[in-house]
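Sending over a structure as structure tokens; questions will come in a sec.
Each chain carries a letter (A, B, C and D) given by its place in the written order, and its residues are counted from 1.
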Amino acid sequence: MHKYSTQELMIIAAARQINDGERIFVGMRLPITAYGVARLTHAPNAVGLFESGVARYEPAEDMLYTMCDGPNQFGAAWTTGLIQIMGLLSGGRVHAGFIGGAEIDRFANINTSYIGDFENPTTKLPGSGGAPDIAAMAERLIVIINHQKHRLVEKVDFITSPGHLTGGDARKKAGLPGGGPSVVITDRAILRPHGPENELHLASVHPGHTVEEVIENTGWDLKTTPDLEETPAPTKEELDALHRIDKEGFWRS
Amino acid sequence: MHKYSTQELMIIAAARQINDGERIFVGMRLPITAYGVARLTHAPNAVGLFESGVARYEPAEDMLYTMCDGPNQFGAAWTTGLIQIMGLLSGGRVHAGFIGGAEIDRFANINTSYIGDFENPTTKLPGSGGAPDIAAMAERLIVIINHQKHRLVEKVDFITSPGHLTGGDARKKAGLPGGGPSVVITDRAILRPHGPENELHLASVHPGHTVEEVIENTGWDLKTTPDLEETPAPTKEELDALHRIDKEGFWRS
Amino acid sequence: MPDGSSIVLGAALENAIPFAATHELIRQGKRDLNVVAPISDISTDMMIGTGCVAEVTGAWVGNVSGGMGHNFRRATEHGEPNPIKVHDYSNFTIGMAFFAGAYGLPYVPVKSILGSDIIKSNPQIRLAENPFAAEPDPVALIPALKPDVAFLVVQRADRAGNSHIWGSTGLTQEASIASEKIIVLADEIVEPEVIASDPSRVLIPGFGVNAVCHLPAASHPSPLIGRWKRDNAFFHHYHKETRDPDSFQRWVDEWVLDLPDHKAYRTKLGGELEELRIEGEAYSAPANYATD
Amino acid sequence: MPDGSSIVLGAALENAIPFAATHELIRQGKRDLNVVAPISDISTDMMIGTGCVAEVTGAWVGNVSGGMGHNFRRATEHGEPNPIKVHDYSNFTIGMAFFAGAYGLPYVPVKSILGSDIIKSNPQIRLAENPFAAEPDPVALIPALKPDVAFLVVQRADRAGNSHIWGSTGLTQEASIASEKIIVLADEIVEPEVIASDPSRVLIPGFGVNAVCHLPAASHPSPLIGRWKRDNAFFHHYHKETRDPDSFQRWVDEWVLDLPDHKAYRTKLGGELEELRIEGEAYSAPANYATD
């Protein structure tokens, strides 16, 4: 067995959500690295889309601080405007999007806007960026978030990016074309919507973590899927790919 | 006095409608030549816009058969898309547009679509192109048409491009932002909307033509403006500019 | 491509019209097509004349050099060779319809078709009130258009369809992205590095392209910026030779049906085509994409 | 530019942010501004901290390298130095608002903000039904945004403001054209022939530009493709040094208020700036615009 960090496991678990040939809406940091790992392993024909106006085949050669940095633009498939790239999303041409968040609730609604009342917030978060658009329009949504009780909550204070709203087919009723969150990857586990209510269930526990610990660190009464499993540890191929992308070991510690 | 053809007079009369510094939506053939004459004489800071996605300062160096020909693109200020250029029009940034037509009526509505009933036309004309957009949105509209009784009619069969509709402030009521036709230049005369009804009146008769002849060749009871004048003959400067543009003498005969 | 498809044969207006694709569709005897574009010059007229077309969705059909399109008139006025249905748009409103189709908007509200009887002849366009205005403020709602296949001519592409285009593009980008499939006709096939050297010159990325064909002069007789001049005489010749159905049949036999492919068409043009080839050099100033 | 103006300080997202303009507006002590952009990184945060801002219209305010924007939080949570009103948009919806403002559409109907509470926090966005759908089909109507002034950084421009930009542009084109005035900050001033050699690389033509300033590295610490790398350390430094109002005041004194102009800022950066200068060469393949 190979040594890996929790962050590395999260990235690799996220990379596994990408299928070959798919168009993926990639956010910053962790998702961008996950995209790179997927391209270098099982998804050599995936396409990465960045809302600022970039589409890439190969992952960038150098470390990126933002999606707009030179190395993400050099040799890109397309450098264009936001409307062209987010328009692919809005036009239903994007298979999956990656987003993070400050809070997520049991129907996978995500808050990156306001803690407390939006008219008088206790904490003002930076805001939405393009996350609502990605959550609304991508065929499926992959969410990455750190697993703490104050982040995985019964009900978010503000739905920045719609998950399954009030559950069941609420998304469809609200007129949302995209399929919504299909998976939530945390540093402890993988959660998936399950059953007719589309409530997030525990689907997989990362090696070294327990079901009890995951439930304790979740802000609602977390149920498990019938086929609960342990997240497979990263393979050597996956870790090699990650180390090729993450040259400086940013995600290793 | 200098020799000139009727076509040359029409072009020069049209060129005089362009003020310096204006953004002008230029069509093909006669208007493109008129734009060139204006730029080389009294309007050296005008900008020419072409709906295919071209903006130019200097007129093209070579003969153009269409606005998309290479000489109209080489050295342009901007080669882009239709939405960017027509969007300037739609956004209220265009001072004047030039259009022609097969039929025009006494409120300066223009038909380039159907003669007869549109569901069963006796003649199907090529259609609108961008003319309705230009007629709707430009601050003012310059119309160029040959002066024949079957072209200047009481009421057009089909309003492709709106003039003053049913007259008066009908344009405003219809929600049209642009000011509508300000002048109609023919091979015999210049007509302008006049009075509260915005009906086309005879404003200027070209040298060598008479008021009676113009009225006879108009399909409605054409009235004259109080300050009816004779169209000033082209100056040497104007004719020189035209011959610089029209190198091959296309408009001379 | 099945009969009954809606197709875009160029959307740049008078340049880069994919005549090579037009000819091939005529040779294949496609039927019941809906030809969708602001203006595709005589490309549309010759497809109508050969009975390929059931519907025309656009702003203008004719011959930009010669005026009227004779086949278009015969079909709309007398139902010859078959009646066709015309869906009228202005250039800006069909642009908004493609924009909406490309980028997932159900419709776009515009001002620029108000007052035009096109609102009457095209029942797809609806009048509504702008809900944001305090006073009555009419707008016209243009629903999204999503054609089945777009054909476009580009100056250069790599084998994956990553394409460079320069010069005015009309509605090429919006019409292509709105379409379910995109077919690229490339004047030149280049190495991927050439395209990747300038990702801002890409109008349509390869991942959206379904097929790439290497076809020099595919836009003849329309021009392709920096590659081929407009063959104005050819347009006039077409206008003169298609005044009646018989002469049109002779024209289309000679220039389309009796030729096996676009290579034969280029060979038949011979020296006439060579005279249209742009030999001069007027290169763009380089842009640096270095990262360090 | 009067107090109370609505301004766009870059709309490309994380590159080409016109920090030189931000600094100058702070020095001039502008008040009651409405800062409009999807994301302008710490440009917005420092304008809020110096009391220039009454309203923020956008999708994200913070520090892309460091996370939260401390001044943004102080203003929204505690009204320090003054309360500000936030008009929430997502990136695509503010894009559509600029598109509508640029191209004369009163509003644009979108799907992509449905289900989000942004519809509640921003009453400008209204829900409606798609009149073209047979079944109930909700859409969100995004009204046009038309800011007063847009500042943008370009790699090169001529003295008339005809500008070349390459790399991703976010909403630069739509936000600029939507604005009443456009101010160009050019990294390099070139002869008109350089720009005219490639009219397809023009994002904003000179006839729409109100002023051009020659300001190298005007986007520092954000990157400018092919010219300047991102100064990531500077963003982290800002994050660390602006945690409380006093330390922010020291930072803004040192880096903005105590400096007379952008030249002094560049001099102060000195070798740090030189290390960000891109020295390499990775040129675009030429495009030929010859006509004959």
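Descriptive notes on the structure:
Rule of thumb we're sticking to: a contact is a pair of C-beta atoms (placed from the backbone, for glycine too) under 8 Å apart; a residue touches a chain by one contact, two chains touch by 3 or more.
What you see is a predicted model, and the numbers here were worked out from it, not measured in a lab.
Centroid analysis (C-alpha atoms only) places A farthest from chain C. In this structure, the chain pairs A-C and B-C differ in their number of contacting C-beta pairs, and the larger number is found at B-C. Remark: chain A and chain C have CA centroids separated by 40 Å (rounded to whole angstrom). With centres set at the average Cα position, the gap from chain C to chain D is 36 Å.
Chain centres here are Cα averages; for chain A and chain D they lie 27 Å apart.
Residue positions 54, 69-70, 73-74, 79-80, 83, 87, 89-90, 137, 177 of chain B are each in touch with at least two other chains. Multi-chain contact residues, meaning those touching two or more other chains, occur in chain C at positions 96, 104-105, 110-112, 137, 139, 166-167, 173, 200, 225-226, 229, 278, 282, 289-292. The set of touching chain pairs reads A-C, A-D, B-C, B-D, C-D, using the touch definition from the header.
Interface residues of chain A facing chain C in the complex, by the touch rule stated above, are 23, 47, 54-55, 57, 61-62, 69-71, 73-80, 83-84, 87-93, 137, 177. Listing the residues of chain D that touch chain C in their complex gives 96, 104-112, 126, 128, 130-133, 137, 139, 141, 143, 155, 164-167, 190, 194-195, 197-198, 200-201, 225-227, 229, 278-292. On chain C, the positions that touch chain B within their shared complex are 12-15, 38-39, 58-62, 64-65, 67-69, 72-73, 76-77, 86, 88-93, 95-96, 99, 110-118, 120-121, 136-139, 166-174, 222-223, 225-226, 229-230, 232, 235, 278, 282.
Per the touch definition, chain B reaches chain C in the complex via residues 28, 50-54, 65-70, 73-74, 79-83, 86-87, 89-90, 113-114, 118, 121-133, 135-137, 158-162, 165, 171, 174-177.
Residue ranges of chain D in contact with chain B, taken from their complex: 101-105, 162, 173, 177-178, 196, 199-200, 202, 205-208, 289-292.
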